[in-house]
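Given below, in the form of structure tokens, are the structures.
Below are two complexes that have subunit A in common, paired first with subunit B and then with subunit C.
Up next, the complex of A and B:
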């Protein structure tokens, strides 16, 4: 198989060439066919051990990785380490030793500090898959978002995407910006100045503060999750004002292209980032995202780990 | 380890003698007697009686003076001690070092000051001058007894690590320290604006997803301090300037004849925030590495005299403290062993001339803080360094003399080599002896 990844880790979407991304999408296609069958398992990763190491609470991503690994017949160990054990002095070096001691073939890691998966990858002998680090990267989320766009739109070239909300604190936004622009998609960032990074010069994006202007002629509108504590930290005055200025509503979507696709990485704060979702049901790709997530993660695990 | 065995008289043969303060720049020999320069130039080589060191054409200059280092003793001896810090200092050409007050206990009582001074004397390598805390426990509430601290040996006051917390306390500190003719050294940072940031706010922090510290965080407090200084008779010394805006504020203040001096550190003129990408927490310090525009403004500030001196902000941390999440690792890098080489890089690139570099690293800091320093004149103190500008060194190889190795310059090839260091005429460092003993 020529689609195996050249890097032994998936730390950032920047580790992937466009060919490799397309290879992941092709592989996801075949795994998703599998999930419609009665027997959903393949033996590709039989005998391999994958550790899900989560330093932040997560249901979706962790479950999605777990299902993906199990469908590939890997043994899965879930370790959820609360912040308290970090406070107690468990260091990352201890974590590295734990991974080595478990004899894991791969580790899926989520961590609140940016750069940790990369740091770990330089110190362990197994594959490292980033499941979200701080504000930096969430590569499998971006891959499944791109995959959803590809399935619904059939192409990347020439598309216009608006990413709306808290760009500053969003690893999902960062991974998507990198992956989308790489694929030739035009990206517009939409949000209040307090939630857009002060310097975005290295990204090939347009920054717009007005939502109507931001979604105009868009093929895809991607809303980001707003952490509710942003209001208390004065990034926004109130959730109500945020919802009024940046909430995606049926009225706003009329400014976008008629066949606009709406995405959200979840979990959604309904009534804040997204309003009256039922009324634009046919435009929503949110359930697809969850469904495709398993296929994308199977593809990533397979293409990283089945080769050797 | 007492060093009383060493002689304080010697003859240094075949050197280039340079002293920006006395204007000396010549080839010749140097004779030191009982810790003082006896004669120099085209003098006769003695036949016997005192040790003769071969200069081999290297440069002898006044020893370097660092007004900003952390020796961590008492309290954090696992990071550094007065002994290991002194060893690092003399191997970097420094003969006098001021050490900051953020020890444990904090240097806010004369007993702590005396403890440091006595320990440094026992070790007998470089001269160590404590900086006293501005406020008790660095808490920003109550002024320390600056009179008692001065008598015990403190040469300045600083809550370094923190800015002087409130404008009111800063004003009182400036006014009160003036009573003892001591400067207040401020770590200029608006902590509220920094808001838990871990590197410079800019494109690199956006890209790396790390929380940024805006340059305004420094500039706001520099501006505050300068405006308060205007209405007092105190002396302000701005620590570790890192931003173009900070340089501009100090330049304007000097035009207004305010009683202000400023320092920067080698990393601010050598690196930018891009270094965080490959050096991780070894490129994490506070203030953070800034942009290329800031770096160039710092060099310009050194050239035009806005920035008075180069200090190291030598801040050792143990490997286990730096080997962790970037946002959780402590701020600070070591600097005593690389500072002069990084300065030489400025000379080699044509940004400074050699005498200006020596002025910034020896003459000026000693004058501003009233510290003893070497002078190449008859009767001058023999606090000297001998270096070879044509050779290079590899930073931290085979090891740093500091207990810590948190340096972004680790394993980098740097200009120049310190060959010998003398304090009060005693040889406290010789790189060849060290090689032989290794």
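Up next, the complex of A and C:
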């Protein structure tokens, strides 16, 4: 009767079929209803333990997973590597095996190296959820971005989306490109040549270097964060020039469709990739993304961990 | 097995010609009369429909709750609150299943606070679904009271739960399945023997 996630991990949107993605969206709908209740908790993951293991800084993803797990009644433990045995030189695998031996049923991992969650998933018995690995994938972010688009636009078919900014260093962009094209959305990458990967042939996308041309007739404009901590600044002449050429402003949005939706995975460098957000408030889906993110992560945790 | 309701002795166990092993226990007009009687009993016990809130347990209780609400409305001449709840997230067997079931949509248009809740299900069996629904209701607010209405009570309770309003008590074996269909004009209650699939090994 029902279709389920075939994998017991969530490592990449590549592993998800369109049916599975739609199943996650449908499940998220039910969980969003919970946030309007007096008691926002349900007992579905009671007695299960989820560990948040973050080797990179994060506020919204970690908090979002924590709230999602707690609303499902799971116990949540947060490990920030700067305050853990990792600084004493413990290896990644030892850390994860220790967490598993302590009785964790699931681990949410963020790591600066691509492929780490997948490597871990082949070596442990608990569920592994990728919360961002290097430049490769950030599957729950892509799912919540798609879900926000679905909720605001009501469909995927025929939509035109522009992803603007530092595509080269963005795992969010990679996950989104995979998921959006799979759902039949036309994707345009917009950014300076230095920040767009050399080979985008297999991606099924259009590449545009001029922002005005890039946002033309777009239903959704997805601005990416300029990752200043990854030395992105050395790929562009100056932040000021980048802001002038690629910043999303009310003027630029007039070129897009009248009902254009603006998304940003956060945290925003205000005045650089997004300018004067207050003046296009009704077009912004940025806080929706945060709200829907909890529902998406509850759906993922429920579908992965409630059974078995 | 002893039946609780003496009238059970007269159950017309009519074999279904289209499906051998399936016996039709109740037919449309009998079911319609049962629903009508239950509506009157609910109104009598609660002295009218003031603050009544009929809540069907999905999947089977949704349609019955709607039918009872329509009856009550016809008798009292004013609308009665109606909703449905999906108890999947409160099930006690989630962690024993290979994969979790998909969720259905609960629809509760009004708050349950200060309401007289009539929980409605088609078949009362182990009582575990009712336990789930009670826990869910308590998480939603504080109803004045909760009563339980079921079309069929088939016995085999595993929890100390009983119904306040019963359409019919039907003694069953654990290897049997009670099938309720409330499709208008074609309502039936049938008894099937559970087919045990033989292990090929």
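The rule is short, and it goes like this: the second predicted complex is superposed on the first by the 295 of 308 C-alpha atoms of A that agree within 3 Å, B and C clash if a C-alpha of one lies under 4 Å from a C-alpha of the other, contacts with A are read in each partner's own complex, and residues count from 1 in each chain.
Keep in mind that, in the parts below, a residue touches a chain if its C-beta (ideal position, glycine included) is under 8 Å from a C-beta of that chain, and two chains touch if they have at least 3 such contacts.
Everything numeric in this text was worked out from a predicted model, so none of it was measured.
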item	value
Joint occupancy of subunit A by subunit B and subunit C, clash or fit	fit
Partner chain(s) touched by A:136 [first = subunit B, second = subunit C, both, neither]	first
Contacts of A:27 with subunit B and subunit C, given as first, second, both or neither	second
Which superposed partner A:116 touches (first subunit B, second subunit C, both, neither)	first
Subunit B versus subunit C as contact partner of A:214, first or second or both or neither	neither
First, second, both or neither for A:165, with subunit B first and subunit C second	neither
Partner chain(s) touched by A:285 [first = subunit B, second = subunit C, both, neither]	neither
Which superposed partner A:191 touches (first subunit B, second subunit C, both, neither)	neither
First (subunit B), second (subunit C), both or neither touched by A:39	second
Lowest C-alpha to C-alpha distance for subunit C against subunit B (Å)	29
Common interface residues of subunit A - those touching subunit B in one complex and subunit C in the other	none
Subunit A residues touching subunit B - in the complex, by the definition given at the top	91-93, 111, 113-116, 119, 133-137, 171, 174, 197-203
Sites on subunit A touched by subunit C in the complex	1-2, 4-5, 23, 26-27, 29-31, 33, 37-39, 41-44, 47-48, 302-303, 306-308
Touch list for subunit B against partner subunit A, complex	201-203, 205-212, 214, 280, 320, 323-328
Footprint of subunit A on subunit C - complex, ascending	86, 89-90, 94-95, 97-106, 135, 139-141
